[in-house]
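Down below are the structures I want you to see.
Look for chain A in each of the two complexes below; its partner is chain B in the first and chain C in the second.
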Partner chain A sequence: MKKTIPLTLIFIAGLLGVISFVIPHPSYQVYDEWIRNDLLRVLSAFAVVLALGSLLRVHFDKIRRKRKNWQFSWLLLVAFGASAIIGLFGGVAADGILPTTIGSFPFDIQTLYENIVIPLASSMFALLAFFMASAAYRAFRVRSMEATLLLGAAFIVMIGVLPLGYSISQHLPGFVQWILNVPNVAGQRGIVFGIALGVVATSLKIILGIERAWLGGGE
Partner chain B sequence: MNISTDPWIWISSILSLAILSFLYRENPFFRAAEHIFLGVANGYLVTFYWHRILMPILFRPLFQQGDLLLIIPFTIGILYLTRFIPRISWLVRIPIAIYMGYWTGVLIPATIQAQIIKQVQGTVLTSANFQSWNAGAWGIVWSVIVFIGVLCTLSYFYFSREHKGVIGVTSRVGIVFVMIGFGAAFGYTVMARISLLIGKLQFLLGDWLGLIR
Partner chain C sequence: MKLYERLMTIDRRIIYGILLAVVMLPLIFPSVVKVTPMSPVEKLFTAVDNTTDDKALILDCSYSPQIKAEVEPMAIAVLRHAFKTRKKVLVLSLYVEMIGLATRAINQVVEEFNATAQTYEDSIIYGRDYVFLGWQPPPIVPMLGMGESISNIYVVDYYGNETDTLQMMERIRNYNDISILVALSGSRIPISWVAYAQNRYGLAVGVGCTAVSGADFYPYYQTGQFTGLMVGMKGAAEYEELVEANYAVKGRRIASEAMLSLTYAHLAIMLFIVIGNIGFFLHRRKK
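Entry: the complex of A and B
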């Protein structure tokens, strides 16, 4: 029962997913919209509750056992608790029961998002520029034909999309566009075919109950 | 020099510098900023799901408007939380099965349509494809290169036979196309990251310290 019910449900749900594509009739689409907009969106919200529960459990456990760098877990918990309370009771547009300004200092959830989440996310991605440059340098040291092609294409694309590229040669932007449209498309399309076949095969294995890793351990 | 007096700009700047300090090496400032980021991002997530999904789609229609059909998603959703009760934790498989099953089912025809049929249509040598380049006779040449490139790339990923003879040659040609594709993607990604870095420096030197306009 512990495996049969989930495997039966995944088969039925999978069939409903396929049917939604092959029956575009309005009478069926009403049911399909209910599944997508009500059922699955609510399930995704509860999945987030589960994910957050796991996150909090991991950090409480880290603090309780005083694992390495446990002090920083307090920071995460305080930041999470404060922003969740501000967001839940202060409202998305600062329209909740909790006041979200002190004088002219706003601290509503949108302000927190714009001044903490966005700048830190962009800083982390900006940081990757340096690591990518160092990866490119290491790849170039290999001195193989493949590494040279990769870096050559990357270098031409980088220069070609800048105004500097046009200053070097007025044909360079056109050449970059040709690289993107012809050899790049050929290579990417070959890879996309492989990925697509893999996606279809794996999806079928999941729906038909051949692939069962998602059931997790235990009975 | 015109330093900002906005406390939020100071907070953003100090936290951004803490993240960028990772360039030197991993340090407590980076760790602190990283944990604050995770905490606030997840707090925002809770807010978003509560105010944008759970309240308008589930709780308000169910408890205020009496839409009893919503008892179904509510009950199935609650089963996610059984994960924390070891005796009945297997029930978490039910919402996972429904969610994953539906989207996996949707994925099959969508993938076949968009990533196989449409891509084959764009690859085969037809007059419509020749003309789609808007390059006159060169359109035929570009289409032939794409056609050969796709076949050679596929042969490179064909591992059921040893890459010798004809397959050896085609796979060598295939890797050329693959590497150019990776290079182009790499170049674009680096440019995107550099533009983020430039934006970050403009924020720190302009909005925060007022050194540049």
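Entry: the complex of A and C
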């Protein structure tokens, strides 16, 4: 029962999802609309609640058991609580029942987002450029013909996409477009076909109940 | 230490320091670098430009703070273009964490235009010129659902107004009333727009993406599934150039200002790769 119900549900849901694309009849489309617009939204709302519950449980558990770096879990819980309260009661445009300014200091959800989340996330990602530069210097060696071709193409594209490329030769940006449009597309298309076939095969295996790893619980 | 060893083992702090300097200096002393718009960006610009009065364009701001530097200038440039040419704009995000960035881009451009507006007609008015639909999970719901009815999917907008009551939405009902959707993202969301909204409803899709994901999107551009393509900071700078050249829209051009940083950073990385390979050749010859 524990496995039969989820497997039956996934079979029906998968089949309905596929059928909607091949039966354009209005009567079926109305039904399909209901599944997508109503049922799917209700399900995703449940998923959000489950995800939040799971997140909180994991961090409460980490604090209780004093696992490694448990102090950071407090940080997450405080940030979670504060942003939830400000977001829920402060309103999206600082028009809620909760005051979101102290004197001239605003702390509405948009201000918090712009001044905390954006700088933190941007800074973390910006560090990538430094690691990439260091890694390229250490690892990019012309050891074979393939590596030489890769390096040559990389240099042409790196220069060609810059305004400098146009200054060197008016034809260089066009050549870069050709590299992206022809050799790159040829390779990408092969990869995309491979992935698409893999996705179809995996989806069929899940719908037909052959692949059951998503059920969890190991054996 | 031998020369080739020195060339192959430059301290990473030196690399970081040089990269920091070449990126920061042009940002501290900014200057706009002129770029030549390429065909993928020109096609997107033309598609937005060709939006007729009875249609609107959708701007999907599904980019996260991590890629803000590359993609936000695209959002600002497209909004400036649309507002200057009086196109109706619907803005949305497919994920909640991106809503704040969409709000930021809209607020900035609306303030720019309204600061110089002389009359009510000149101003950019919410509900008349643009609507912020907000976020509706999961992404497949708005992607498919808006093909039938936008106001059924977004019953209320981001600010809680009933979408049906907004002046602009009287004539904008579904994808039939949309000229193009511009998807700004660093993930595979634009491909999902093609897979669901374009295949089923024929929606035209234009894309603004990060430089690293650009190569993945060229197959879709080549087939015409993507009407146009802005790739990375350079793509944003090209769109800024087109907006200013065609409509004399003034405003800070963040992507164009960053072109010098990008140029020097690329050259520095290439220089380091060349130095490393010279050391590698000398070492191999020695052996």
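Keep in mind that, in the parts below, the second predicted complex is superposed on the first by the 207 of 219 C-alpha atoms of A that agree within 3 Å, B and C clash if a C-alpha of one lies under 4 Å from a C-alpha of the other, contacts with A are read in each partner's own complex, and residues count from 1 in each chain.
Following the convention adopted for this analysis, a residue touches a chain if its C-beta (ideal position, glycine included) is under 8 Å from a C-beta of that chain, and two chains touch if they have at least 3 such contacts.
Bear in mind that the values here come from a model prediction, so they are computed numbers and not experimental data.
K.L.:
Kindly classify A:Glu33 by the partners it touches after superposition: chain B alone (first), chain C alone (second), both, or neither?
P.N.:
The answer is second: A:Glu33 touches chain C but not chain B.
K.L.:
Does the superposition put A:Arg138 against chain B (first), chain C (second), both, or neither?
P.N.:
Once the two structures are laid over each other on A, A:Arg138 reaches chain C alone.
K.L.:
Figure out whether A:Ser83 sits in contact with chain B (first) or chain C (second), or with both, or with neither.
P.N.:
Only chain B is touched by A:Ser83; chain C is not.
K.L.:
If you stack the two complexes on chain A, which partner ends up touching A:Val192: first (chain B), second (chain C), both, or neither?
P.N.:
both
K.L.:
Please indicate which partner A:Asn181 is in contact with in the superposed arrangement: first for chain B, second for chain C, both, or neither.
P.N.:
After superposing on A, A:Asn181 lies in contact with both chain B and chain C.
K.L.:
Which of the two, chain B or chain C, is in touch with more residues of chain A?
P.N.:
Touched residues of chain A are more numerous for B.
K.L.:
Can you list the residues of chain A that touch chain B in one structure and chain C in the other?
P.N.:
Overlap of chain B and chain C footprints on chain A: residues 21, 37, 40-41, 44-45, 48, 92, 109, 113, 117, 120-122, 124-126, 129-130, 132-133, 136, 151, 155, 158, 161, 180-181, 184-185, 188-189, 192.
K.L.:
Sort out for me which residues of chain A touch chain B in the complex.
P.N.:
Going by the criterion above, the answer is residues 2-3, 5-7, 9-22, 34-35, 37-50, 52-53, 55, 69, 72-73, 75-84, 86-88, 91-92, 105, 109, 111-113, 115-117, 119-130, 132-133, 136, 146, 149-158, 161, 179-197, 199-200, 203-204, 206-207, 214-216, 218-219.
K.L.:
Which of the residues in chain B come into contact with chain A in the complex?
P.N.:
Result: residues 7-9, 11-13, 15-16, 19-20, 22-23, 31-54, 57-58, 69-70, 72-74, 76-78, 80-81, 83-84, 89-90, 92-113, 115-116, 119, 122-123, 133, 142, 145-154, 156-157, 174-191, 193-194, 196-197, 199-200, 203 of chain B touch chain A.
K.L.:
Along chain C, where are the residues that touch chain A in the complex?
P.N.:
Against chain A, chain C makes touches at 10, 12, 15-16, 19-20, 23, 33-36, 38-40, 64-69, 97, 100-101, 103-104, 136-138, 140-141, 144-145, 148, 152-153, 158-160, 200, 211, 214-216, 218-219, 221-222, 231-232, 234, 259, 262-263, 265-270, 272-273, 275-277, 280-281.
K.L.:
Can you tell me which positions in chain A touch chain C when the two form their complex?
P.N.:
Where chain A meets chain C, its residues are 21, 33, 36-37, 40-41, 44-45, 48, 92-93, 109-110, 113-114, 117-118, 120-122, 124-126, 129-130, 132-134, 136-138, 140-142, 151, 155, 158-159, 161-164, 166, 173, 177, 180-181, 184-185, 188-189, 192.
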